[in-house]
């Protein structure tokens, strides 16, 4: 007991999370996917630097539509490319889209939501006006506009497009929660003790509304992958790279001919990744609530 | 039905939560009686089991509760053996409850009159509803126009009067009042206490008062039961228990109660 | 007699124009060092607003709050932060006034951090242990979360946190209203002890006349934002002069 002295909420949460087997399994899965993504990126960079066509892009019509075998564990696609290799590349893109857009959207949403809820008045009016403006524009159109403007005709446009349009929902939620917590006595007490506004917002209130942020993150991950699929389909963003969206799209056409493997493995990978993030998010939310434990 | 002397007789009532090592005996072999037209009080601190005892009378205790033993004889018949359907008919019509928070006990989107009307229609058919609402509001000393008001337009004291009007809608024989004035100001509390005393005379109402306030006990109750951790530790006439407590716990409590005029005691 | 706090013609007004509420009207009183000054009244009489104005959680509309010779009614920023070391507050709801996601000891360390009291974290932790001891709690309990404590223990923690800045005046807003009688008696005893040991003065805001009678030296009765009667607590309660005070006293169910 004495050893626990001064431990923060986060180290406590980690200690509790470690006791949750399912959560640890999910964490393992997330780590595995992350390693695959890193590996995928390295393979991509290597080939890109040497300017050679990587194997997962190499067309081999003799080997098209091969069912899973020892040589190709997950079979091959219509152009004879190995599905597993492409799947790994897909992880890389899904990760980038899911995580980088979150890294853009979540801080914006949390920061603006906190400011609006805590200070109220003119600050609140401005932020509400800002997100109302963002929310009133059709999301896809806005993403397309941003993607067009960004010079690099690649993923950067997608990141910025998705990232800069999807903070609105989180911002609304955070603002509402902060408004609720601001009235609580513990915040009043903190003010009376001479604690500054920034510290109250981020050290005192934020840990109490962290569950909103975590749940938002787990929900937006699959949504971001979905948006990337649509954008790839529209010809913006991912070009020629094997993203999961493109893979599902091409596999869809062959499914009725009995070519089940590409569709199966890609959706399975997507399913596992989203499930792992969701369960881990739930477990983390619970671990962060000291009242639910010990 | 034979006229019993006591309207309510609770015998060795036990209500438990959980099981095994985590068993909590919230109410532990509690016995008390309420005579016809009598007002008695169940006092105790939080967690003493007084509220659970009151709720258990019509099996209203939280879902997890286990009625581990004893009998609740209301007019001679055991409430614990009644079906849920029968109990629903009894609640409100023969045994009514009022609670601590009048402000949250009303639905904010309906008028007071509408909500009293609903209470009347639940248990009684073929009555002149408008006349009844008028009679009930008069009984709790509220003007007739209160029926058209919405809950937010009334004060806490007025709302508690409305709660009492609803509770009396079906002329119950027993009113269970669980901390009815705790959320109210002293002057308003005084009015509600006077009203309750008045009503028990006027309509021969029996009242079971649940409270932690010994002043209220002294004011209203003829007899008092003191509860501590699920057990009744002392019972007797109000004067005797308050001025010459016998049990250690009651003595401690009496010593802890701040007195308005310390010198006189 | 020497004064710690002098309040002169203080007004608190919420809102503007037609919808404004004049919560505190021209209130004048003073508190001496080590005195327990009671403020009684019913809900909405302005007693809490007055308490909050004195710790500057609400801004007064006009008037003077003189604390040790400084006018604090209009203080801002850094000065206000210094003032907050001198005047602290304890709230009614011991369940809501502690952050549920912060260990109670850390909540106190946080305050010490902000005011740069103590050399480092270890020294601050040692101070937390001392404070826990001072309010009658086991210092080992400092590294637990609020939900692990009872209402009375939480109120002790809140008092310890308020004491962490070594204030001269504690505004206690209904500090025992949410507690059982036996716990209430313990907390009142603690306040008396603190007054004796630290020469701490209290503004004791309460609706409970019996409690006020038992702990306060002087009392002010508030009604509709105004102080209608003020004096030694025994005089006011045994021999009330104002009509409202009499009504209030007659309403208390006592035995």
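So that you can tell them apart, the chains are marked A, B and C in the order they are listed, and the count of residues begins at 1 in each.
Here is the rule we use: contacts are C-beta pairs under 8 Å (C-beta built on N, C-alpha and C of every residue); 3 or more make two chains touch, one makes a residue touch a chain.
The model shown is predicted, which means the values in this text are computed figures rather than measured ones.
Innermost chain of the displayed assembly, by C-alpha centre distance to the whole-protein C-alpha centre, is C. The most distant chain from chain B is A, comparing centres defined as mean Cα coordinates.
Averaging C-alpha coordinates per chain places the centre of chain B 34 Å away from that of chain C. Annotation: 55 Å between the Cα-based centres of chain A and chain B. The geometric centre of chain A is 48 Å away from that of chain C, both derived from CA atoms. Residues of chain C that touch chain B in their complex: 42-43, 151, 180-185, 188, 207-211, 213-214, 237-238, 247-255.
Within the complex formed with chain A, the chain C residues making contact are 55, 57, 80-81, 84-85, 88-89, 91-93, 96-103, 105-106, 109-111, 114-115, 121, 125, 140, 143, 145, 147, 158, 161-162, 165. Touching chain C in their complex are the following residues of chain B: 45-46, 185-190, 193, 212-219, 242-243, 252-253, 255-262. Contacts from chain A toward chain C in the complex involve residues 1-2, 4-9, 184-186, 188-196, 199, 203-204, 207-208, 288-291.
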